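One chain, chain A, links the two complexes that follow: it is found with chain B in the first and with chain C in the second.
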Partner chain A sequence: MQFFGGSEISPSPPVPTASGNNAHMMYVFNRNGVCLLYKEWNRPLHTLNPQQDHKLMFGLLFSLKSLTAKMDPINADKGNLGVPQLPGQGCSFHSFRTNTYKLSFMETPSGIKIILVTHPKTGDLRESLKYIYGLYVEYVVKNPIYTPGSPIKSEMFNTALDQYVRSIS
Partner chain B sequence: MAPVGPRSGDAIFSSIDRVNAELFTLTYGAIVRQLLTDLEDVEEVNKQLDQMGYNIGIRLIDEFLAKSGVSRCVDFKETAEMIAKVGFKMFLGVTASVSSWDAEGTCCSIILEDNPLVDFVELPDTCQGLYYCNVLSGVIRGALEMVSMKTEVTWTRDALRGDDAYELQVKLLKQVAEEYPYKDDE
Partner chain C sequence: MAAIYSLYIINKSGGLIFYKDCGTKGRMDTNDSLRVASLWHSMHAISQQLSPVNGCSGIDLLQADTFDLHCFQSLPGTKFFVVCEPETPHMESLLRYIYELYTDYVLKNPFYEIEMPIRCELFDINLSQAVQSDRVALLGR
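Moving on, here comes the complex of A and B:
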């Protein structure tokens, strides 16, 4: 009898394609659910159209934040399930990992949410997300032409972001 | 690597790019002068300054959060301390103090001994109702609105009008909780 090697149950994650191309995609949302930025570096599989994809992502994170805060065994101030919380209040989750990707998340008290989806072996990206928030402040917020709450169209921001994300291992 | 804790106002102030203080004061003075010429009515100018401050405040909050690394304040008392000690220090280079808390902890006064906006300024008799530094009240209102707090900010003491210091009264009206923005049927 011959056994074929390799298990079909959990396929190994895709090997990063080029050096420094470990990120799959990135989203930036504001507090009203508007997707300010969506960038894709390596996403072989698209299941939904962009609007539904953004809504799904935002909804997922909204619910996850609420759930993780309510399930917190340490924090005293929890409120009731279903009651909306202020951004940044209570405990906050910062990443989840599956067998094919890792999603890292950061939310500021002003409601800006930055999401980065990378390959599963990525380490803690909290400092990187903070740096990206700093880039957002420098190139987007300080730009007088930019209207807060609208999608970001800044070339300089895109370039700086691209360069930085490619350098994250 | 664990996240770095929040930095003090002094540390941030010394690490960011700064502009010449006189240039800043003179530029602000030119803005107020131009508004007075264009609008002529002192109340209108006060409103415009507040609106300008609001537009600055909604962007300033992100810069504040990014540079200082603070997380959400637990209550309004902490917020007021943050504004006075870190915010004013970071952006204007002066430290303010907080006082006159009311019983519920929703209303306080921020006192500025030193105000870089008003160096060399004297108000003439034609501008008696003018709140020269009204942009600051707009900035605080705008910034706090972006962190879910609706506030009312007014001047209680103004040195240009004869008082001994600058005092802003900040009153928290309500905390607006985050709501799921999409309607169910979309």
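Moving on, here comes the complex of A and C:
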């Protein structure tokens, strides 16, 4: 299913039936909350329209990071709840699991957040997210035509990403 | 390794009714623990909205760099969550056992008002025993 609701986000390429495909969807945000990429492979249920969905996702992650920084049992000095943290500051979560999905999260020092939503039985995807960040650097950042902070429209990035995500078991 | 840092119990509306701290550095004060509990309640609800598939019942496990958070939601909507060291085994069964203790010592207590903060001595005693025996079983100390 594709979204074309007046948003600037590039539509993902047509998806064949999701066989051998573990991933549901993927988001990439920059540090200002702009959704640079949203890809969907298998999403039977859409609760909200795309803009609200992205905002909700970003908001959830922001709050969860604030929560984990505060709940950190190791560091004695914690900021106050709700104070925006720098990327890498304070304890951050890397994944959470519900009964229907598992969300894996990675934030780079530049504030790029990569989120992958998969089947609940998926293992630790931190290395995969690092690899995806590598793809982002290669195909998007190093592209001289790309303006940082704008939605990603690179075909090569989309293809490489698709290929890689389908290969994650 | 394999220690429980703290336990929270939240009522249906997201208010904190029980908080036990078993050894974190920089223990949270009451206001902060209340805020954290309400925040968790909301995050739990929002995560259901973002599910790609029908039938999501909220976050069961949150994994962070320095701790894991296991959450159990009972049928009436009371949430029990425990903050522990990463990769601690058997937290789900511990949470279910704590739920049993809650039904036995709190809900069956005729003086306990539902949804109010828990002030039941027997519950505290049995809870400490359970956490302690869990620690001994896993660590031998």
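Annotations for the structure displayed:
Rule of thumb we're sticking to: the second predicted complex is superposed on the first by the 148 of 169 C-alpha atoms of A that agree within 3 Å, B and C clash if a C-alpha of one lies under 4 Å from a C-alpha of the other, contacts with A are read in each partner's own complex, and residues count from 1 in each chain.
The criterion applied here is as follows: a residue touches a chain if its C-beta (ideal position, glycine included) is under 8 Å from a C-beta of that chain, and two chains touch if they have at least 3 such contacts.
The structure displayed is predicted, hence computed values, not measured ones.
Residue contacts after overlaying the shared chain place A:Arg31 against chain B, while chain C stays out of touching range. Of the two partner chains, neither chain B nor chain C is touched by A:Ser167.
Touch criterion met: A:Tyr133 reaches chain B, while chain C stays clear of it.
In the overlay built on the shared chain, the residue A:Leu48 is in contact with chain C alone; chain B does not reach it.
In the superposed pair of complexes, A:Lys142 makes contact with chain B only, with no contact to chain C.
Within the superposed three-chain arrangement, the count of touched residues of chain A is higher for C, of the candidates chain B and chain C. Of the two partner chains, chain C is the only one that A:Arg97 touches; chain B does not reach it. Comparing which residues of chain A touch chain B with which touch chain C, the overlap comprises 59.
Touching chain A in their complex are the following residues of chain C: 5-6, 23-26, 28, 32, 35-36, 39-40, 42-43, 46-67, 69, 83.
By the touch rule above, chain A contacts chain B in their complex via residues 31-33, 55, 58-59, 62, 83-89, 108-112, 124, 126-127, 130, 133-134, 136-137, 141-142, 148.
For chain A in complex with chain C, the residues that touch the partner chain are 24-25, 42-45, 47-48, 53, 56-57, 59-60, 63-64, 66-68, 70-78, 81, 91-101, 103, 117. Here chain B touches chain A in the complex through residues 1, 3-4, 58-59, 61-63, 65-67, 69-73, 146-148, 175, 177-182, 186, going by the rule given at the top.
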